[in-house]
Amino acid sequence: MESKFPGYRLLPYFLVFPSIAVILVFLVVPFVQAVIQSFYQTSPFGGVSTFVGIRQYRLLFSAPDYARSFLATWYFALLVILGGLALSLFLAVLVTRKVRGLAFYQVAFIWTYALSPAVAGIIWALLFDPAVGLGTYVIQRLTGFSMNFTIQGSSALLLVAGASIWNMLGYNVCFYIAGLQNVPRELEEAARVDGAGPWRTFWRITFPMLSPTTAFLVFVNTIYAFFQVFGLIDIMTKGGPGGATEILVYKLYRDAFIRVRYNYASAQSVVLFLIVAATALFQLWISTRRAVYLR
Amino acid sequence: MKKQTLYAAGLHTTLALILLGVAFPVYFAFVIATHTYEDAYAFPPKLLPGGQLWTNVSEAWTRTNMGRLMLNSSLVALAVSLGKIVLSILAAFAFTHFRFRGRVLLFPMCMVTQMLPLPVRIVPAYQLMASFRWLNTYYALIIPYLASTTGILLFRQFFLTVPDELPDAARVDGAGPLRYLWSVLVPLSKTNIAALFVIEFVYMWNEYLWPLLVTTNPTLRVAQIGLKMLLTTERTVAEWNVIMAGTILVMLPPLVVLILMRRQFAQGIAMQSTK
Amino acid sequence: MRRIFAVLVLVVGAVSFAWAKTTVEFWHAMSGSRLRALEKIVADFNASHPDVEVRPVFTGTYEETLTKFIAAYRAGTAPHIVQVYEVGTQTMIDSGAILPVYQIPEILGETWDWGQYVRPILLYYSVDGNLWSLPFNSSTSMLYYNKDHFRQAGLDPNRPPTTWDEVEEYGRKLIEAGVVKNVISFGWPDWQFEQQLAIHNYLYADNENGRSGLATRVMWPDEFSVKVFETWTRLAQEGILIYAGVEYDPNAAFTSGAISMLLQSTSSLDGIMKTAKFEVGTSFLPRFPGEPRGNSVVGGGSLWVRKGLSQTELRAVWEFFKYLGQPDVDIYWHKNTGYFPATNAALKQLMDERWFAQSPNHLTAFLQILSGRQDSAAALGVRLGPFVEIRDYIRTAMEKAFSGALSPAAALAEAAEKANAALLEYRLALGK
């Protein structure tokens, strides 16, 4: 393209400068520093700094606590992503079956997006409080099981996952509604004309057409489950009981700011980065593949 | 015919029930916020509101100095939203209206921002705040958030739909690019600005980890941390009635903003999902 | 003309002299009523010392305060005084960022009698007999119990359990009488483990509990520590002991009458007595019969001075420290927070006022610590670099032992392995 305002050669640089500056100073530089720090062992007050190569990483991957944190995170993320997306997709399909009132439902679901993970966490902590929670009461009446997430690790993990799914529900539903609206009716009708039942139509036609939305939501929910859920965990369980809900980001926070092991924490940062980068690239790959297929 | 209306009725009922189910936790929180301490601890729990809402709210308010906390959150959320809008518009304008070597930076910028969420750089970022002397200041809460590649992409997408006649006409009239931006493009972008505003305001109001780290002085803490402060009283049992009253307070502003600007938010979603 | 000029100069000079206050920045972690007490003390000091202004800044929890201090020090923006919890003592000693308090009078050309401070506290914060940080808010752990519950179960409310056997016996009676479902809980469970080792004069770590050199390994699991764990596990499985969370979480169970006994810091005394609707009794920590005697460990925090202060700043800091040591100030702090008075003079004054007679519960923890040994490293308490981490490991070990996931000995062994690794890391980081 040609510049719409020829003669202003320097102006565009000034226009992008603030954004680039913020990104460089507050995002890129600290990240590079984190990578470098992960190869050193520094005394807490910065007095002594020794290069130790991949020692931090070796320690990390041989630490049972890290393995436990890793597993807990994946288990938790899987619950949130699969459970959350399945539920949201189901709800979105229900909403789009009806032509009237679609806009109403979109609004009716979106409000949960305004709730922060911390708020979601505190409300669910109340609901399932071992002493006074309504949820605890209901579960006890229905199954006789006394749920106590402050001492039962699996209850804690399930609860945190439940709160997260609830938190992200509105967002996921709205995106699926938008995505479903973009699926051309003709394809679905063509399939029905060919004699395919609704279930088959859904799986063979609709769902594949939704894959860019799904890929996008998988990415967003992964970021949520890995990072944004921090507030929820800090409020509900603080990583307990016994580390059952100490997911990677929470362990990172504790190692860095409470146990004051900066370099060890930086190594964890780098590992997290690799996970995020892989997920981002995967999402990119899926969307471009789909886009090509569509054309 | 009847089958269809039955089907429709069944669908609506199911959906209504689901909506109530989704809203129930918040309702329950509200109910607890309206009871006394003893009633809040009733087991089985009460399901109807009591009359203590105002007492509990004032208790939560004074105990955590909630007014100050909400003020801080508002200030930060507003400053960042507006800042992001300005920076994104400027950058998007540059990327769409000029041909300059920096144009190749757009894609890497977006990838970088997506792949570097806070925890990936948290320790050095914190140390950076310490060396800038920004710990316990508004600067630490605002400035690191000011760049938004979501915003840049949003406005870029929009600017690309503006027909060439407009900038051409402006140029013929002798207006400079900035003049054009301010008098023509910005007014046209109102919906996009609103969409970005509501997304960013809600996002900033709900930020937890960064404010937790960089502000520990009570006069600078944000509303989310107020929740944590309500939970950790050193002496007594968790006073759920007061805690829930505080939670309702903290939860209201983004909710109100979202509901008031829901159409713009929906549009923001629509634009993001057709990337 | 000249005269006006001279007068102007004098006025400006006087004003700027008056404004030439030395500011002392003081970061602390005191919240709630402790914050109010602290602010009053500081305000009084500032009023009586017009050339100094101490600025207290509440920087969050103990952990947050320490993190901030470390980051600020690395960035060159650290305060003059910082309050650090006892767990951070070794980190501060190794930091290279600190001016040990005992050197201050020498530098300023003054003399100071260190003997005026209560001995166990003094020893806790000393290295090779020299005091490194100023005792400020010290506490220890003791036994709280519900006298009303005791009466209900037919137990003598003035004879609380002395040994763990008695805890078990009384516990069974309380449960059988239907008074409570669970009997006792621990505040700061990891700290209670340290207390048990210390009150029986057993070392926690080598190199004399980390006091004669950096600790290289923990002494557990040894016979005694396994005995402690096995006893507690048995109590937990009988339902007598209930693990109710960390730090101050179990206080709620005690004050609400859900349990009858609590091992907790003396700094909770005020809060508990105000909230409890029953008669609160206190006593020494329960012991194991037939084991040696040591002392309970000092907890809380102390004040540290940053290196690199100017002479004027140092003088200002020192004036503040001297002020804190005055009996009236010390007593005010004790009465409004529950922390020990740090000076012997304050102690005497409190006794003269019959304070402890009016409020015997305030004396218990103090008496416990004054009546114990003060001459062995085990009784003084352990100093570890990666203390926070090691406490985490002990807590996990307790949770695993109580839930039956691991045997007590195995749980301790697992924790010890991790603890020793952490100690190694710490030494490596310091290049030692």
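Letters A, B and C mark the chains in the order given here, with residues in each chain numbered from 1 onward.
The rule we apply is simple: a residue touches a chain if its C-beta (ideal position, glycine included) is under 8 Å from a C-beta of that chain, and two chains touch if they have at least 3 such contacts.
Being a predicted model, the structure only gives us computed values, none of them experimental.
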Among the chains in this structure, which pair is joined by the largest number of C-beta pairs in contact?
-> A-B
Which chain is most remote from chain A in terms of Cα centres?
-> C
Centre to centre, by mean C-alpha position, how many angstrom separate chain B and chain C?
-> 41
So, what's the distance in Å between the C-alpha centres of chain B and chain A?
-> 16
Chain A residues counted as touching two or more neighbouring chains = 257
Pull out every residue in chain C that's touching 2 or more other chains.
-> 64, 74
Tell me, which residues of chain B touch at least two other chains?
-> 126-127, 238
Which bits of chain C are touching chain B when the two form their complex?
-> 31-32, 57-60, 64-65, 68, 71-72, 74-77, 248, 251-252, 255-256, 268, 271-272, 274-275
Complex contact set, residues of chain A against chain B | 1-5, 8-9, 11-13, 15-16, 18-20, 22-23, 25-31, 33-34, 37, 91, 94-95, 97-98, 101, 103, 105-119, 122-124, 126-127, 129, 131-134, 137, 166, 169-170, 174-175, 178-179, 182, 213, 216, 223, 227, 230-231, 234-235, 249, 252-253, 256-257, 262, 265-266, 269-270, 272-273, 276-277, 280, 287
In the complex formed with chain A, which residues of chain C make contact?
-> 63-64, 66-67, 70, 73-74, 91, 94-97, 243, 245, 386, 388-389, 392, 395-396, 399-400, 403, 418, 425, 428-431
Contact residues on chain B for chain A in the complex?
-> 8, 11-12, 14-15, 18-19, 22, 25-26, 28-29, 32, 40-45, 47, 87-88, 90-91, 93-95, 97-100, 102, 105, 109, 111-128, 143-144, 146-148, 152, 164, 167-168, 171, 176-178, 180, 202, 205-206, 208-209, 212-213, 224, 227-228, 231, 238, 240, 243-244, 247, 250-251, 254-255, 257-259, 262, 265-266, 269-270, 273-275
Using the touch rule from the top, collect the residues of chain B that touch chain C in their complex.
-> 126-127, 129-133, 135-136, 216-218, 234-238
